[in-house]
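Naming follows writing order (A, B, C and D), and every chain is counted from residue 1.
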Amino acid sequence: MLSNTYHRFAGSNLERLAALSDGIFAVAMTLLVLDLHVPSIEPPGGAGPLWAAGAWHAEHALWSALVGLAPRVLVYLLGFLTLGIFWIGQQTQLNHFERSDRRLTWIHLAFLLVVAVMPFSTSLLAEYTALRVALLVYWLHLLMLGALLLASLRYAARAGLIRDDGPATAGMRAAAERRIVVAQALYALAVVLGAVSTYLSVGLIIALQLNSALAPRIRPLDRY
Amino acid sequence: MLSNTYHRFAGSNLERLAALSDGIFAVAMTLLVLDLHVPSIEPPGGAGPLWAAGAWHAEHALWSALVGLAPRVLVYLLGFLTLGIFWIGQQTQLNHFERSDRRLTWIHLAFLLVVAVMPFSTSLLAEYTALRVALLVYWLHLLMLGALLLASLRYAARAGLIRDDGPATAGMRAAAERRIVVAQALYALAVVLGAVSTYLSVGLIIALQLNSALAPRIRPLDRY
Amino acid sequence: MLSNTYHRFAGSNLERLAALSDGIFAVAMTLLVLDLHVPSIEPPGGAGPLWAAGAWHAEHALWSALVGLAPRVLVYLLGFLTLGIFWIGQQTQLNHFERSDRRLTWIHLAFLLVVAVMPFSTSLLAEYTALRVALLVYWLHLLMLGALLLASLRYAARAGLIRDDGPATAGMRAAAERRIVVAQALYALAVVLGAVSTYLSVGLIIALQLNSALAPRIRPLDRY
Amino acid sequence: MLSNTYHRFAGSNLERLAALSDGIFAVAMTLLVLDLHVPSIEPPGGAGPLWAAGAWHAEHALWSALVGLAPRVLVYLLGFLTLGIFWIGQQTQLNHFERSDRRLTWIHLAFLLVVAVMPFSTSLLAEYTALRVALLVYWLHLLMLGALLLASLRYAARAGLIRDDGPATAGMRAAAERRIVVAQALYALAVVLGAVSTYLSVGLIIALQLNSALAPRIRPLDRY
């Protein structure tokens, strides 16, 4: 009885859930990049004007070192895009909720746990882009993020936590659900192609995320 | 006289206390995971299709390395669950407070200090799961978090900082206090069993935290 | 149709965009400094009163080590000034927006991606201040930050997302655009001088940022 | 003219300044602790029950390693207390401001820069507690934090940015100013005693911070 009272009030504050989410997304998005280390070149050189003898040599060494970081930068771009897409996905849901409850809060905490692990799985993919295991781990994270957003939507609908904005509400929810399912099906397809080449998979996933970010551009994909 | 005026206004803003708390929890929750390092395998290999000769070898090496991280992942899961539980516990309290004052703010700053140390004690437990000293340090953190939330509740009640929501208020407070005390008694029991095996203790604490997160499932525990 | 409904609502919450921005700026501003490592001196010494024999020796060793950090500190100061300037620039824009939409949100996410990379490019410049490549990378970041703020302003105007505050609105927008363009022109000029000496460039950029922070002091620059 | 319009609006949002501040304080408070590394002991041992042969040996090794961290923990405690005190000081000011302007925002950004450097100077003091140079660097940070809060208060008063809460306002401001000045005088005194022993200085500063946190306990100090 009394503990029911506790459960009824615990975790009901949507604003603080949103604030915690923004904080975790902000830290994860920044830590993604933290793994980019300044390369060390030998000798550092420089300091003279550009037309001094040997000035171009050190410049070239640093340039090559930076170009060598490019594939890694691409994977981090993917990591940032992914976090951005799911941040928008989550905030769109939260905007439509009337309030939260304990269970919905835990669904979102599980979602945030996966978000917090993204820098790890992104680093793993950056380090071992050629290996399917790294790709599968990354995909598993995408899958969990999608599944948890879907779970949040369904639970909120069942528990009556969604704000009723008139006739549009049911359509919105169906559209949001379809969107998650279609995106997940496309991610899965991209990962299956990893049997041939993981680079193909990563390229496809980046293309899907870019489409989602720049949407609605590819009409056939936008119908869902 | 004048300084009383200062003390009356200092630290009275609940919203900023909540924002600082969300920030510290967000950073701590993300840093927990930061200690998970991408394993290095030798040779990295890969890049060919999955049916190429030797393709499975590198995959297997990475897979084994990741499986080796599993116990550590479990301890981090425990760390995240613990932070999630105390985040909900704190925000439930703050939601019921009318305003803060200087002393209540310092109780919560002490609480946040312990939260900020959690990545350290979680790492310690992940590294030395077999040692009682690591378990005791972790438990001491759990104890301090519980004790500080209890102190916050009692001080706020005494200082008249709790919002009066009618007859439910006193019951709520009693339920919240009982909840903290029961949880702490169960943690203490789990730690005592660490004399036999620390793995048993850690398993039990994970079970308790999961029950708290997925509650109310185990009826007998939910009465408190 | 349905997906249009989704796009109409997705990412429309300005407050959460502001919160995510504040989080990313906060982490980036703090991580800038994280790269400042405590120097190690040999032997550590100390502990006696200042008039004990040899007491000044260890003091002097630490002092020299800290003085050696000075150029690096200057570059970090530049990094902080830059982030501060763009933080003010972004919040001034967001304050004048009525709401956001999906596309505007992605423009700001791209802006935040560049912000998150700033600790890397600042470290690069601190490590290789004498090399043009490091300077160019830093300048590219400045350019992207300016270009994205400009894109945000123009897109918001075209999409009708700017709050109408009467006749001042159009003047405000023109002033903000001119401000970005003039600042970028001055940055570009400073970078061109890097052909002679990168130290000259960095010094000039620091001077420009200081002027922007302490503005309006230099009258001729303030007309824009 | 136009640029005046820009300056009038730039940086006027107190809420976002508060959010950025909370973020930077949260990250700095958590990073303080990040420097506490899990000690490594040899051999790790453990896993048997507590009465197994040799079980106490590994426990003792970890215990000793942790005890060795104690002085460092004390300095971190000082770091956290200091950040807590200045966080309360800043938020008390912001609560009383009507709005911000560009210059006030930059005063607070400078304040936040010093806050972001605190993990560095705290680490420095933890590493070289016996050296006056480390103590002076730490004190310089305390001095700058106090000076910037004082500057913020005076500038806000002069620029008419303080909310008028009736006759109490002027008294409040005088009390806050006196508080900062007295605290700084006591810090300076503690640092001068560092000529004899830096441990004495650090102990005194910890005592002052604890008094400030637990205030008002020491009556003579509370009159200011």
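Just so we're on the same page, a contact is a pair of C-beta atoms (placed from the backbone, for glycine too) under 8 Å apart; a residue touches a chain by one contact, two chains touch by 3 or more.
Everything numeric here is computed off the predicted structure, so don't read it as measured data.
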| item | value |
| --- | --- |
| Centroid-based (C-alpha) most distant chain relative to chain C | B |
| Equivalent interface positions on chain A and chain C, same or different at half | different |
| Intercentroid distance (Cα basis), chain C paired with chain B, Å | 34 |
| Centre-to-centre distance between chain D and chain C (centres being mean Cα positions), rounded to whole Å | 24 |
| Set of chain D residues in contact with two or more other chains | 19, 22-23, 26-27, 31 |
| Of all residues in chain B, those that touch chain D in their complex | 2-3, 5-7, 9-13, 16, 19-20, 22-24, 26-28, 31, 102, 105-106, 109, 112-113, 116-117, 119-120, 123-124, 127-134, 137, 195-199 |
| Residues of chain A touching chain C in the complex | 18-19, 22-23, 25-27, 29-34, 36, 38, 40-41, 44-47, 49-50, 58-59, 62-63, 66, 77, 80, 84, 87-89, 91-92, 94-96, 168, 171-172, 174-176, 178-179, 213-216, 222-224 |
